[in-house]
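Two complexes are shown next, each including chain A; its partner changes from chain B in the first to chain C in the second.
What follows is the complex of A and B.
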């Protein structure tokens, strides 16, 4: 019984949030246009949170994703200034993400620094490099190729509402592809299952002869590339890049994974649950903004809701263990 | 029919000859019990079998061919599998996934082939008659017993050719309930019927009497006997396990009269402890005995208040203790835990800090500021009292021998001027010299009027030090017997008293 409440309590809470906004914003909230809008707003968060799930599955986390996102955007923009072609600039930015992620992996897995400390340090390092590379300036306007900025605004048309085209944003599509990919990696490959084994009982994983070190190291590559991709998406959306624009992503992404964990059996991180967490945060942000709730008050509300969800889940779990 | 010969294996750790020329033959198709007291050499033998430790002398041969020593991969390839009492299960993964931890998942087009994964697991479970376990269930849903059975079944997944044939089980029932143990025994029976051999290590006599075809007894690292079950029995095994004299190790029992009652425990139940009643008088040493898992440690933790009491009470000097460990320490209970490395010491820190840890408040200047000189003074005074041997009091505890680490914990316990000492396995992993000093210290403290409650798995220690011995059975304090005149065999028999009857019925 407690299990059912715990498992579906979170879902019920989410539905309550949606219902609340649907009642208070009858005109605008439950429209296709608004939901497509939400999907675009959360697409970058979704990419970071999905890749964050890969390391959180092992009980690790990566604090450097925000500054990596900024760095990747800046790197691409600087290359644009040098008139490098769009595909090459994108590949270079993703390459930076891969290298940064692997560097985190080496620090955590081979050197053996706690993920909190290692990625806190690389957070500063990546952020510093982003300032150095960009000279501390925002790169925008004619320096950014039009095609790059247009990508985020475009997307396949899926219908007409009130004489206006309904567009499925490209950024949403990118996020969907990433989530499907991460879902396959985590749920359908033995690689992903090994990561879950490490998170569940690293001692058992070691005794079973799994290459724990390499698995941990490689998993950090996902967060690096994911963060870089999110940085590019952001740069495309605002058609500019500056060395701090990804900073907000890290805490929200970790919060989304934790919210998702409250929905799963055993409280494991799973990528579809993470997606649900991302949507909750996106819906809250969207709804509260539309209700003209002050943005500072909004932050207090969102933080409180995360505490309540995770707190209730922790209490439920404690109840379960006490019974057992 | 494979056969593994162990030939005159010897292993020395420092001054201790842990294994002394032990020869043994393990065959498929039978359960071979390995018996011996703590320190008899069982664990060393198992570590050598697992390839985790290199014997100083001797050899291992599989069907006459020499096996490389200290090579875990080779021992695995030779068909040995090890089932330990600690479960190494990944609780979040499914049963089938747990059975594939040490082998590749079946794959199709690069992705996990879930149907085959589950089918392989189901087939392996079925071979042991465990059809009732659904391979898709998460491991969390299973009890400790079923998790162990899954672990055993996991060794049978997809094995063709070099199938495992010898299972080494080290106290497999330690964490299991009676019903779970029953199911394990059925599975062991099934394994043996299918031709596997089992080396079964357990302290639980009834299990051994029931399962084993042959019994080997080790004592002090030496091979005492290997006999078919028909030629031996409980009395003979116990006699062979304990047949030694250790009288010189223990200080003279004092003859004076004990003081007034200081600790009263009434109807206490908490955690694994189901019930306990006793009084402890000043100057008395009460031993707490019983097989592992009988609730020895839980009794101490319940007295300390670390396990919250479901029922009953603990009174110190006539006043009830209700405030948990902090109040217990403040009122004069001191506890020396069983796992000194994980529960006792800050290994990387200096002796001084370790001794002063629970006493920082009273030692502080003006109740606020740490006073390193007072701390050092305390550590020095108590260190002398427990005959601590260290280069300096600033030495980190991890550099000390096991015996001296234990003395640091004693110094810490004594620094607060306690009335009652709770000791859990006070000489575990301590060499014989330090052991003797710890015995003298315990005796001296009781002479000074402290009450001592000492849980131990070491029979000579219980009998040599205690005034009375409380026997734990199945979570209950079953009886308290006077140690004077009690023999090891007599005490050991009391461990099994009830179990023996149940099995006879």
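What follows is the complex of A and C.
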């Protein structure tokens, strides 16, 4: 019984959330336009959470992703001010993400600082650099090339509903590409299986001859680049950049991975489960807004739902251990 | 039978009337935690209640991208109008979604944009008129004036333009310096340093008659410099704009800082509701910026 709750309780809960909104918002919730909206709204979170899954597979964390997202957006915007072309600015911002991620990896893996402490420190460092680079200002308006802001507004048209074009948002497509890539890395390569081995038992993995140090170091590159990409997506969506705008992504991304872990058989992070977690958070924001629930009450509800989901999963697992 | 018919008729009437009477308006801002924003929303909500609207106030806690997401949500929900309190340049993606759905967006001190039907705000030109004319009259139309301006920021730049014109119109007023302080730490510290340098360069009592600041922080910095130099007895008149709490306190205490200008946040909120009402009633909106009167704050009313 507990096994069933543990295995399917999370999934049933997520379906219940969707069903709840479908009943309460019969005309708008289950429409293609609304779901395309949700997919676009969660796209940045999806990218951060998917790459966060890579380090959480090993039992590690990266707390610096939010400030890295802010930093990457600001770096691109400052380069735009210098009239650097869009592709070069994007590559530079992603390069900053790669360097920052590798730096985290070095601190955690080579130097051996706890990920929580190391990435908490780099969170502050990246945030400070973002303020230095931008001078604390929001960069917007004519400084941001129109094509950069238009990217987040556009996408291939897939139909017409009520005489309004239905587009598959570019941001959604980017998120899908990232999730597929991470899925391939984690589920289809020996690299991914080795990361799971480290998460299972780091010492055993080392004794089995895995290059644990290099694997951990390299995995942090994913969160760095993912955070930078999400920061660029955010900057494109708001056609501007300021040194704090991505900060909120970190906690929500970790919450999404935890929510996802309640869905997997062994309680391990899996990228598709993370995606489900991201979607639940997005659906809650979307549905509760449409139901005109007060924004502060909405935050309380979202936090409570995370606790319930993760709590049920933990209870289920404990029941299973006791039986065994 | 009659009773039953009446009941059915009543229910039908109520059912028919409901969608017509209750207009739904969403107010979306990332800045609800800031004191000024709260006043806008209070003013708006009070007026909206008189008009019988359903108001949904949505705060995204500083997240501007989430403002776009919430605009998309309320457009899906099908609200009658959306009120924003955020720079429209940053939420263009959301504005175009609302425009596609034919839902009007009204700015509550938000900034102008082709997709914002009306923006309700305070008149920066008029605020600068209040304080620059106060200075000119107060010093009897003659003397040396120091200006603190900040031209890189358009809402403040317009204030400087007005002060330039007013002081330029008095043949015996000379603007001896037009300072752009470094605002990275808020503007008080650097304004104070620049003012200290100016006081040192003009040691004669009476050589500086007034300091006109385009906002309150430089005025406070100048006041601190004058006090530190022990020259508060020379009658140097200081004015600011915005009437923030620190400025009000300084003005109320009756020192050199004599005047500032307060925006009427609640009235901006109420007028925003009136503008939404006009748009919903189908009025043709010609003027896309609506100004709400501001108020000169002096020792006489700084405590209010």
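The definition used in the following text is that the second predicted complex is superposed on the first by the 323 of 324 C-alpha atoms of A that agree within 3 Å, B and C clash if a C-alpha of one lies under 4 Å from a C-alpha of the other, contacts with A are read in each partner's own complex, and residues count from 1 in each chain.
Here, a residue touches a chain if its C-beta (ideal position, glycine included) is under 8 Å from a C-beta of that chain, and two chains touch if they have at least 3 such contacts.
The structure displayed is predicted, hence computed values, not measured ones.
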Fit or clash - chain C, chain B, common chain A: fit
First (chain B), second (chain C), both or neither touched by A:33: second
Greater residue coverage of chain A in the superposed arrangement, chain B or chain C: C
Partner chain in contact with A:203 - chain B first, chain C second, else both or neither: first
Least Cα gap, in Å, left between chain B and chain C after the two complexes are fitted on chain A: 37
Interface residues of chain A shared between complexes with chain B and chain C: none
Chain C to chain A touching residues, read off their complex: 32, 54, 56-66, 68-70, 72-74, 76-78, 87, 89-93, 96, 100-101, 184
List of chain A residues in touch with chain C within their complex: 25, 27-28, 31, 33-34, 37, 40-41, 44, 135-136, 138, 140-141, 149, 152-153, 164-165, 234, 237-240, 244-245, 248, 285-286, 289-290, 292, 294-296, 299
Complex contacts: residues of chain A adjacent to chain B: 184, 188-190, 193, 196-197, 199-201, 203-205, 207-210, 265-266, 268
Chain A contact footprint on chain B (complex, rising order): 88-93, 97, 101-102, 104-105, 107, 110-112, 138, 140
